[in-house]
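Have a look at the structure below before the remarks.
By written order: A, B, C and D. Residues from 1 in each chain.
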Amino acid sequence: MISIEQPIIQMQGVEKVYGGYSPALKGVDLEISKGEFVFLTGPSGSGKSTLLKLLFCAERPTGGSIVVDDMDLSTLSGSQIPYLRRKVGVIFQDFKLLPNYTVFDNVALSLEVLGLTRKQVEKRVTAIIESVGLLEKINRLAVQLSGGEQQRVAIARAVVNRPPIILADEPTGNLDRARTTEVVELMNELNARGTTIIFATHDETLFTNTHRRVLTLREGILERDQKG
Amino acid sequence: MIPGTFFKRALRDLKQNLFTHLMTTGVVAFSCLLFVIFGLFSFNLQQFVEKFGRELAVVVYLKKDVSQEKIPSLYKRINALDGVESVEFISSEDAYRELQAFLKDEKEILEGVDPLFLPPSFQVEINRAVFNIDKVKKIAEIMSQWPEVAKVQYGQEWVDRLEAISQVTRNIVIIAGVLLLLTATFVVSNTIKLTVYARQEEIEIMRLVGATNGFIQGPFLIEAFFQGFIGASFAILVSWLLYRYLAESVSATPLLKDMDLHFLPMEYVGGVLAVSTLFCVLGTYIALRRFLKS
Amino acid sequence: MISIEQPIIQMQGVEKVYGGYSPALKGVDLEISKGEFVFLTGPSGSGKSTLLKLLFCAERPTGGSIVVDDMDLSTLSGSQIPYLRRKVGVIFQDFKLLPNYTVFDNVALSLEVLGLTRKQVEKRVTAIIESVGLLEKINRLAVQLSGGEQQRVAIARAVVNRPPIILADEPTGNLDRARTTEVVELMNELNARGTTIIFATHDETLFTNTHRRVLTLREGILERDQKG
Amino acid sequence: MIPGTFFKRALRDLKQNLFTHLMTTGVVAFSCLLFVIFGLFSFNLQQFVEKFGRELAVVVYLKKDVSQEKIPSLYKRINALDGVESVEFISSEDAYRELQAFLKDEKEILEGVDPLFLPPSFQVEINRAVFNIDKVKKIAEIMSQWPEVAKVQYGQEWVDRLEAISQVTRNIVIIAGVLLLLTATFVVSNTIKLTVYARQEEIEIMRLVGATNGFIQGPFLIEAFFQGFIGASFAILVSWLLYRYLAESVSATPLLKDMDLHFLPMEYVGGVLAVSTLFCVLGTYIALRRFLKS
């Protein structure tokens, strides 16, 4: 299912050292094509989240170059970052929901920042919330949800604006088997429509029987790049 | 970006953080109130000192032997002097009557005294010369050299004293004003900082989902505008009510009737409103900047 | 491995309705003996976290009675709650670490609240941090850790004061297979020393081949109580 | 629980939240400063009015024909009256000399006037009778009925005016004081609330791992104690320096020398320290309570 198109993500010799500590990423070279679905795995603390954070400028690399959708992140000015982030839907490992916003408002935020009005977003937000099975809880505050429910809101928020790239950081850690399958299917569907997906996970069952490409990090080094 | 969206979001924020907003507005209101009342106080003090100063006069005593005919020409000469506001002639008889009035019930002590024993004089009012003692001195000097004049008296001691008092008053007012301004600035900017910091997470998350700085700042700045404006308006209203109360209680006291109070001039009121609003908006802008630059 | 001792946890007809919403737990009857190791499973939103929250008084039940280690939670006064919580080590689903405290300080907190001085806690804290593999990061702030590292700190904090009861809410959601095995082994070891453990998880592989008791919740109802 | 642990934790907290702590202390300091300076001002105003009042005297004019021998007995009788502070006899000659001194350069107008034309009198000082006009009236009435007395004068108009002024002053001082107190209370308690709310998560987590309320409150209350104490001390220091500066510049001005300024009495200073400290501790306690009851 790998479409051989132009690369949408390019990393060259990327290094990330968090001030004063040992490097979290060392010399990562990576190229991901438009429309690819890539799993990212590796033990706890190996640098998966760091790699993803670099791709939407939550962190800046301390070495190497990164190009995302023709934007060179090393020369990207601060005022350009929001426009990068609108192209990249991120499911955060710690969800990063606004606890006192409702489910609807949390998801709608992704569209509101684009300048759409409430009217315009209503339909799309409702549809995506339904697809993650939370329609009946649409008006609850995020803080009133269970862990798995929060995770699904985070997924909905990342995909609602149909970004060309989705970075999913452990998006099924709090979900039961059935829900996990649903999420993977949602990702497959989005991928089929052309979305590039990087899916960081510890759950080997998710990729062992697929033909997806699997990247394995170990102590900041891209140890293995197993094309599916 | 449609401004309407900003207003709607500002409204939602307001509902969600009502307590904090009321608090900030309260802090702004109190700060402005202190400042306006202080302004009211020092403005009236200044008016009072000025008025008092304006009542000071230069008295020109004439020699007892100056003939009546010379009075009109002297009157004209004094009136022609630079800085003279008004001139009044007081004959020996007038002076005697004034002394009688001054002594009131003890006027019997003047029994058997020649009504003409006091010299005739001119009462000269100087045009707002209170704080310009040099001009008074100059005028006095010119007049004292005229042959008809016996003595020029201008209450030098009083002028000096007044000047000293107004100097000290001015110093106190300046120090107190600067202190108040510092306090208000410090307190209001801290309150703003704390409320913005309390929403740090919200700002961070908005940035992560692709919000521009403008999108994030918009509602904050609108809210800050209203906080500054409503807070200051409230302060002005309260101090106006206070002023009405004081003014009425002063004018109801017969002995203080001539001490009429004034409210602050419109420019000052407008200034407080403008500065308060601007300050809140700017303070919020600066507090936000910390979280917006990456 | 179920030791037939006196019950340490007793729930009778427990019901929990979060203000105005449909009930999260309905008529749960449950008895857990001292020294038992119980898995708690069920789909997302089925009430696992709610059940655990009731056991350390983070939430109060809206019906039924709960007794934990001879303390009747329905009559427990507010000032008694801290003493209950010292007996119950909780690994929170969302970690609940203090982001600006170091790893050491986060773990030490559990012992400090007991009134122990720094000196006294130092040895125990260091030992437990080493056992979750974070010794070299002991002086980092919690916010500077990866998701899995934070989860391990949360685990360390819950067990450092050797509580008689441990409530683990999805303690391996962010951990790789190897780390997960380590955590389960740590729990086994604590259990062998007499600690009662309730382990909420979606990961069926953790209990399918053991002989542990497994409780299954579904929509707030204790659907299945499978003694191992 | 060992208090030492509390101090250590308070110290760690302080380091971690240094900015917030400095801010709170600053807010407390500014609030106290305003209050102390206001106290300084109204205290001196009151002293000034009182001193002015104490200088008011009742003058008893005797009939011109009263014989010298009666003076000592009259002196004793006046002195024996309830409320009289001191009595001074002024003979006709004394009065004449005083009038000469008063007229200064114009004393030539008294030329040819009989030095005895003024009646002898007693200058009676009333014991702090300023605000008790009734007592003055009563004394005056008693004395005016004695056959030797021609007239009793006590500047009724002045006493009334002074009373009216001090009434208005007192009103203004009370209103301003209440306002200041409200402002300080509001601002300080809000700052405390905001800083405590900012650490809500920390408090919640401590509770979840089994901390008692005392364990959580301890460091907060210790910090609040220092904030209140240091803030107030700072304010007192600054206002003392300000006072020194003003007092010096007043005494350096010859004309204002007799207007000697006073610093606040120790009780007031102690009161400000105590109230500030207590208020911070209590405010923190109340703000914390919200998060501690379950």
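By our rule, a residue touches a chain if its C-beta (ideal position, glycine included) is under 8 Å from a C-beta of that chain, and two chains touch if they have at least 3 such contacts.
Only a predicted model underlies this, so the values are computations on that prediction, with no experimental measurement involved.
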item: Other chains in touch with both chain C and chain D; value: none
item: Rounded Å distance between chain A and chain B, as computed from the means of their C-alpha atoms; value: 63
item: CA centroid of chain B to CA centroid of chain C, Å; value: 68
item: Approximate Å spacing (C-alpha centroids) for the pair chain B, chain D; value: 24
item: Separation of mean Cα positions, chain C and chain A [Å, integer]; value: 30
item: Per-residue multi-chain contacts in chain B, two or more chains; value: none
item: Multi-partner residues of chain C (at least 2 other chains); value: none
item: Topology of the chain contact graph, where touching chains are joined (line, ring, star, complete, other); value: ring
item: Each pair of chains that touches, named by its two labels; value: A-B, A-C, B-D, C-D
item: For the chain A and chain B complex, residues of the former touching the latter; value: 56-58, 78-79, 81-86, 90, 92, 96-98, 100, 109-110, 112-115, 117-118, 157
item: Residues of chain C that touch chain A when the two form their complex; value: 18, 21, 41-45, 48-50, 93-94, 140, 144-149, 151-152, 169-170, 173-180, 202, 204
item: Complex contact set, residues of chain D against chain B; value: 20, 23, 26-27, 30-31, 33-34, 37, 41, 61, 105-106, 109, 111-114, 117-119, 151, 153, 157, 160-161, 164-165, 167-168, 171-172, 175-176, 179-180, 182-183, 186-187, 190-191, 193-195, 197-198, 242, 246, 249-250, 253, 255-256
item: Interfacial residue positions of chain B with respect to chain A in the complex; value: 1-2, 4-5, 8-9, 16, 201-202, 204-213, 215, 293-294
